[in-house]
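My structure is below; once you've seen it, I'll send some questions.
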Amino acid sequence: MTPNLIREVRAFVEEEVRPLEPRFFRDGFAAVEPALRALRERIRALGWWLPPLPKPWGMGLSLSEFARWSEELGRSPLGHYAFNTQAPDIGNMEVLLRHGSEAQKERFLRPLASGEVRSAFAMTEPEHAGSNPVWLSTTAVLEGDEWVINGHKWYTTGFEGSAFCIVMCVTDPEHPNPYARASLIIVPSDAPGLKKVRKIAVMGEEGEGWASHAELRFEGVRVPRENLLGERGRGFAIAQERLGPGRIHHCMRWVGIAQRALELTCAYAARRELAPGKPLASRQAVQHLIAESQAEVHAARLMVLDAAEKVEKLGAEQARMEISAIKFFVAGVLQRVLDRAIQVHGGLGLSDDTPLAYFYRHERAARIYDGADEVHKTVVARALLKAHGVEVSL
Amino acid sequence: MTPNLIREVRAFVEEEVRPLEPRFFRDGFAAVEPALRALRERIRALGWWLPPLPKPWGMGLSLSEFARWSEELGRSPLGHYAFNTQAPDIGNMEVLLRHGSEAQKERFLRPLASGEVRSAFAMTEPEHAGSNPVWLSTTAVLEGDEWVINGHKWYTTGFEGSAFCIVMCVTDPEHPNPYARASLIIVPSDAPGLKKVRKIAVMGEEGEGWASHAELRFEGVRVPRENLLGERGRGFAIAQERLGPGRIHHCMRWVGIAQRALELTCAYAARRELAPGKPLASRQAVQHLIAESQAEVHAARLMVLDAAEKVEKLGAEQARMEISAIKFFVAGVLQRVLDRAIQVHGGLGLSDDTPLAYFYRHERAARIYDGADEVHKTVVARALLKAHGVEVSL
Amino acid sequence: MTPNLIREVRAFVEEEVRPLEPRFFRDGFAAVEPALRALRERIRALGWWLPPLPKPWGMGLSLSEFARWSEELGRSPLGHYAFNTQAPDIGNMEVLLRHGSEAQKERFLRPLASGEVRSAFAMTEPEHAGSNPVWLSTTAVLEGDEWVINGHKWYTTGFEGSAFCIVMCVTDPEHPNPYARASLIIVPSDAPGLKKVRKIAVMGEEGEGWASHAELRFEGVRVPRENLLGERGRGFAIAQERLGPGRIHHCMRWVGIAQRALELTCAYAARRELAPGKPLASRQAVQHLIAESQAEVHAARLMVLDAAEKVEKLGAEQARMEISAIKFFVAGVLQRVLDRAIQVHGGLGLSDDTPLAYFYRHERAARIYDGADEVHKTVVARALLKAHGVEVSL
Amino acid sequence: MTPNLIREVRAFVEEEVRPLEPRFFRDGFAAVEPALRALRERIRALGWWLPPLPKPWGMGLSLSEFARWSEELGRSPLGHYAFNTQAPDIGNMEVLLRHGSEAQKERFLRPLASGEVRSAFAMTEPEHAGSNPVWLSTTAVLEGDEWVINGHKWYTTGFEGSAFCIVMCVTDPEHPNPYARASLIIVPSDAPGLKKVRKIAVMGEEGEGWASHAELRFEGVRVPRENLLGERGRGFAIAQERLGPGRIHHCMRWVGIAQRALELTCAYAARRELAPGKPLASRQAVQHLIAESQAEVHAARLMVLDAAEKVEKLGAEQARMEISAIKFFVAGVLQRVLDRAIQVHGGLGLSDDTPLAYFYRHERAARIYDGADEVHKTVVARALLKAHGVEVSL
């Protein structure tokens, strides 16, 4: 992957994706979906389809190559969607690719990878803290050749309009190892008994389609036995494996957001006048906010690239500490950089005339989903303290 | 004002106002307006109408009495509205009371104070930085017995549905003192030539009625000469005077928000389980966030009450440093306390199932409006450095 | 206590105590001790002896009166010493006054209160974490009419040159309540078997006399049975009682330090030129550091005064949350204010040409002694969470 | 440079240099100087002499190779000294190497590079802010074949016991470009008229020899014309050039300090018990401090290495923004990591029983010398804002 290619991707996002933002902010996801569909055709024609997936599914970029790419896509809230690398679909594709049967690949991965359909991933439950992932109440019981699923899930991103959903269910409640009690099962989104209770308003917005989060009830939902994804009892292991590189993607997307916020800040500070001929950028307080953001964004970028290289060399398991470190470090940088950007923009920063307010409210979640800051800090400490003979429990 | 009264007010907000919140978050301001109107009748019957306004308009509480009251009202986003002390109306009432002619009081103050109508205050302009208030382009020219107003304003809170608007206009552009160039003029909201360009989506929400912010164009708007509010050329002086106690109200409202966020956090941490029988509150990280918020909220409360007492004793002018100090100090506390509250609540904190996300996104403005943090820090430093012979310019 | 009196005390500290500082920084405590002794005579003559102690021992100020006084004394590292209210002596006096027998008062309190001798308080042990105060290895066993003491203590402030030492010893190791196992025993500093291992270099300085911290070994030290101070088994209860008001004194001393650091910062920023005619204070970054310190110092002051009033009204036990809140809140403010002061002073701030570097290095301990930040945060959280039915263990 | 070599260097510092620390902390620099001299012989024998200097003077490591090496040396306050790469000598060597005449190299560089003598660098003046480097009052006037120097300098590190001093003097006060008015002149430390006013007590310690900072007066000091170092009028340019790589060295030394502080923290938290069998490391607050330090130290390391590579590729001038970014970013990380380390260590962290207190007090200077945080933030903002057409003045 050449620096030149990265520049081309940046230009593409700038020229083709960004112009859709105002409409997206004003009218929602459905309003821009047709335009995004058209963009995807052009991306396919450019040979840029699904950069992180191996050929023939995608471009076959390495993790650290795609990390750089992900920064560029992150500069727009629609960037990843345009390239079909949006969460949760890209993670689902990776899981299907690694653990899916040939039939599952044909039926579920193929339309997902081609962009014909979307999918969801149902793990979190309203009654149980995400920091204790093994404590779940959704169950799947094998009755004859069918799994019968009962349970309650929420924050199921992109469920609305999806074709199917990968669901974490307790299948072996008596297994002595609590990490071996759950399995992943593929459930068509229109399965009888699968009820969307509501879309959850996140920071005041229900959103729609991909840009929405559902609360779901599974009431005696039945799917064929072969919808088990991967081995029985390996649900957590597969989810963990899915999350490792997924966190690299997220973190680098955040770097892209932060970098864009910084650039908007510089441009605005240079343009906005405090008095005729005296730009806002002449204020030392503004200059210093800009400098702090520059240093932090670059530190975040280097941290993610370094973690990506470690994953490539040693595998996600060996890089667990690094992955947890970037998860909370980069999420913190993102929040601070966005906060500074809004402060410099003043009233404008609160409006939807820039993407800052969108990022500010929606990326507050960065410090919470896929493991809250507190969980990842504990993982890092656990790794360091292990060498000193201390067992830290999560 | 007895501690008992404060407890009664707290109970009233808890029992009567809070139940309206879910509907407000879900369906917007118009959906709860009838219920609020009914509440106002009960408040009036209890003798609690307009606590900070002198009798016979209101209850006649002192500034520091109302500060405590304001904390209680602040615990709900609808609390101040229920008592008719919401911004910008309460500030407009105070200005009309002090500077309005008898005719203006009759025509504009009376319906405002009785809650029949709402009003707006149009000062900020999109082209000019709020930190340089004297740099305005909206002009009012006297033609015969009429002011002819041309200009562009934005963030005019509550304009939609208002009866009138108080507008800051340059009336004396050649005056040697730049602080003596502008005047306040009352403009009926339906005046010909006064055009609402749009409602500004703040943090993604356009809102409606009182809970919305308009961008306005004044194109040859004509109002009678007697709509000048206060003396000609005293626009900034009056606005500044309006802002002093107004900042006390705001800051104490923020203390109320922060206090409620802290209480929600404690309750949630106690209720939410990490594992059967093990509450989230057993985590040291959670305990420490709670403790930091407790200390900061109480410090903020004491700071505001202390500033209110200083204003009462010495006047707002003498307490300018203290007012600026609380403006940035309390806004900072508010943001941190809300951030911690959301972090502890996890996914729930991002949803509208609690008021935290509403406060989080809408009160980000606290560090910007009525003077950004940076402006108020400079005011504080200017006061301190003056004693050392240094002139700090804003 | 009139505001006038406070102004006189401030002037006294400024004119009489501060001039001793350069010599203290350069040559140590012994070099200024004679001058301090002379000052004490003048203070006695002014009727200002021992402000917080009841008459006839001292002036009989209330806790919140002395809090204001303590701020003034705190402005110099020698201020409290000049008024004989330095730690640990003032705390020891309070314990002796409340719990000492008449004979103990005559023999130990009288010379201490008159300033003839100094004392020490030996509690902390190098082998045991201070956050678990009940875990001690120093024992006292009654053999006939004598306590025989064995153990290891450190950070025994002011031991060098002291007349006696109050020692926390386990006397009842089998008591079912771990908080009822220890007692306080008075030990003459020259008792056989009491060995000073060393003075601990704190931030590189061993210091001397009052301004030093000893590591001690008790090897079969024998004192008469009547040297037990207060009831047997009440050691922790008495120490806790001693610490409550003691923390108010400390916190208000810190406010005094912070206030002085802020004033030095303003004066320096006004005096120091970046270029001819352009003071350092013209920098916005400097202005904002000053403003943040002003707000924080005043918040800290109000918090301590508020806690002092609560202790006066309801007793230290009822104000435990407030005392813990100020302990970590004010210590944090102090550290940040000193850090900013040094940053503004640049190279000068690192030197001993101002008191800033002395405060910076010695008051780092503020976040550690008398309970680390972490312990006090837990105490605050425990108090808040109790109302929600959660038991937080320390 | 192989990873293996780095491990050997780490082991050498651990086994040979660290054991000297307790004596250094207790008895000062002179007490360990003979042992350091002996160590240098061993280092020379190992072929590790002067790693960053080109052959035959040193090992000829590249900047980024030496950056890694510098982290290892930074783990002990005596590490760089042992390898003769201590400031200010290593910087002076680099200046002499690039700009010295052959005679200067023979007379001044040779004994410096061999470790026979030490040197100093006199730039900062007590009367003038370091953030305006061109405002100096020390002058050098050519009288016949001699420079006659008059002026006042301070913070001249290592002057005591040095052989010579490189002095920044105004030689061309009328030059239109203020950056072209000063020159560097080599002055023997025993030159008549060069008076050491005092050693400045930094954080309470005067220190001695290399570990001390002098205040100097130049009163008619005369040196031969040929002691001009580099071109006349190029003093600032050369100093700037000297500072670029020097900041890389400093920053990486700080990373070494921070890394060691973190390792000490983990070891202590694992070893120290809160109660029998319950280590301090079991506290979540401690775990999270450790995790935050880990993330920040690694970010700092990556930032410095990235800047070093940029300097290697594009030169120090092109990497000016990156160098300024690491200067304030890494100094901030260092301070926070040391602060956390002390907090976890409690009372022990304040003593000189660990190196933490030494680092804490002496490295507070990191945010001040070689340009304060504020200056470097402005440099970063200037670079970013230039692209937007804004000229930021320092």
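Labels for the chains are A, B, C and D, by order of writing; each one numbers its residues from 1.
Convention: a residue touches a chain if its C-beta (ideal position, glycine included) is under 8 Å from a C-beta of that chain, and two chains touch if they have at least 3 such contacts.
These numbers come from a predicted model, not from an experiment.
Chemist: What's the overlap between the neighbours of chain C and those of chain D?
Modeler: A, B
Chemist: With centres defined by CA atoms only, which chain is the most remote from chain D?
Modeler: B
Chemist: Report the inter-chain centroid distance for chain B and chain C in whole angstrom, where each centroid is the mean of the CA atoms.
Modeler: From the centre of chain B to the centre of chain C is 43 Å.
Chemist: How many angstrom lie between the CA centroids of chain B and chain D, rounded to a whole number?
Modeler: The computed centroid separation for chain B versus chain D comes out at 51 Å.
Chemist: In chain D, which residues are in touch with two or more of the other chains?
Modeler: Within chain D, the residues that touch at least two other chains are 283-286, 288, 374, 377.
Chemist: Under the definition above, what is the set of chain A residues touching chain C in their complex?
Modeler: Interface residues on chain A, with respect to chain C: 283-285, 288.
Chemist: Note which residues of chain D are touching chain C in the complex, please.
Modeler: Residues 25-26, 124, 126, 128-132, 135, 154-155, 200-205, 272-275, 280, 283, 285-286, 342-343, 346-353, 357-358, 360-361, 364-365, 367-369, 372-374, 377.
Chemist: Show which residues of chain A lie in contact with chain D when the two form their complex.
Modeler: For this pair, the touching residues of chain A are 262, 266-267, 269-271, 279, 281-282, 284, 286-288, 290-292, 294-296, 298-300, 302-303, 306, 321, 324-326, 328-329, 374, 376-382, 384-385, 387-390, 392.
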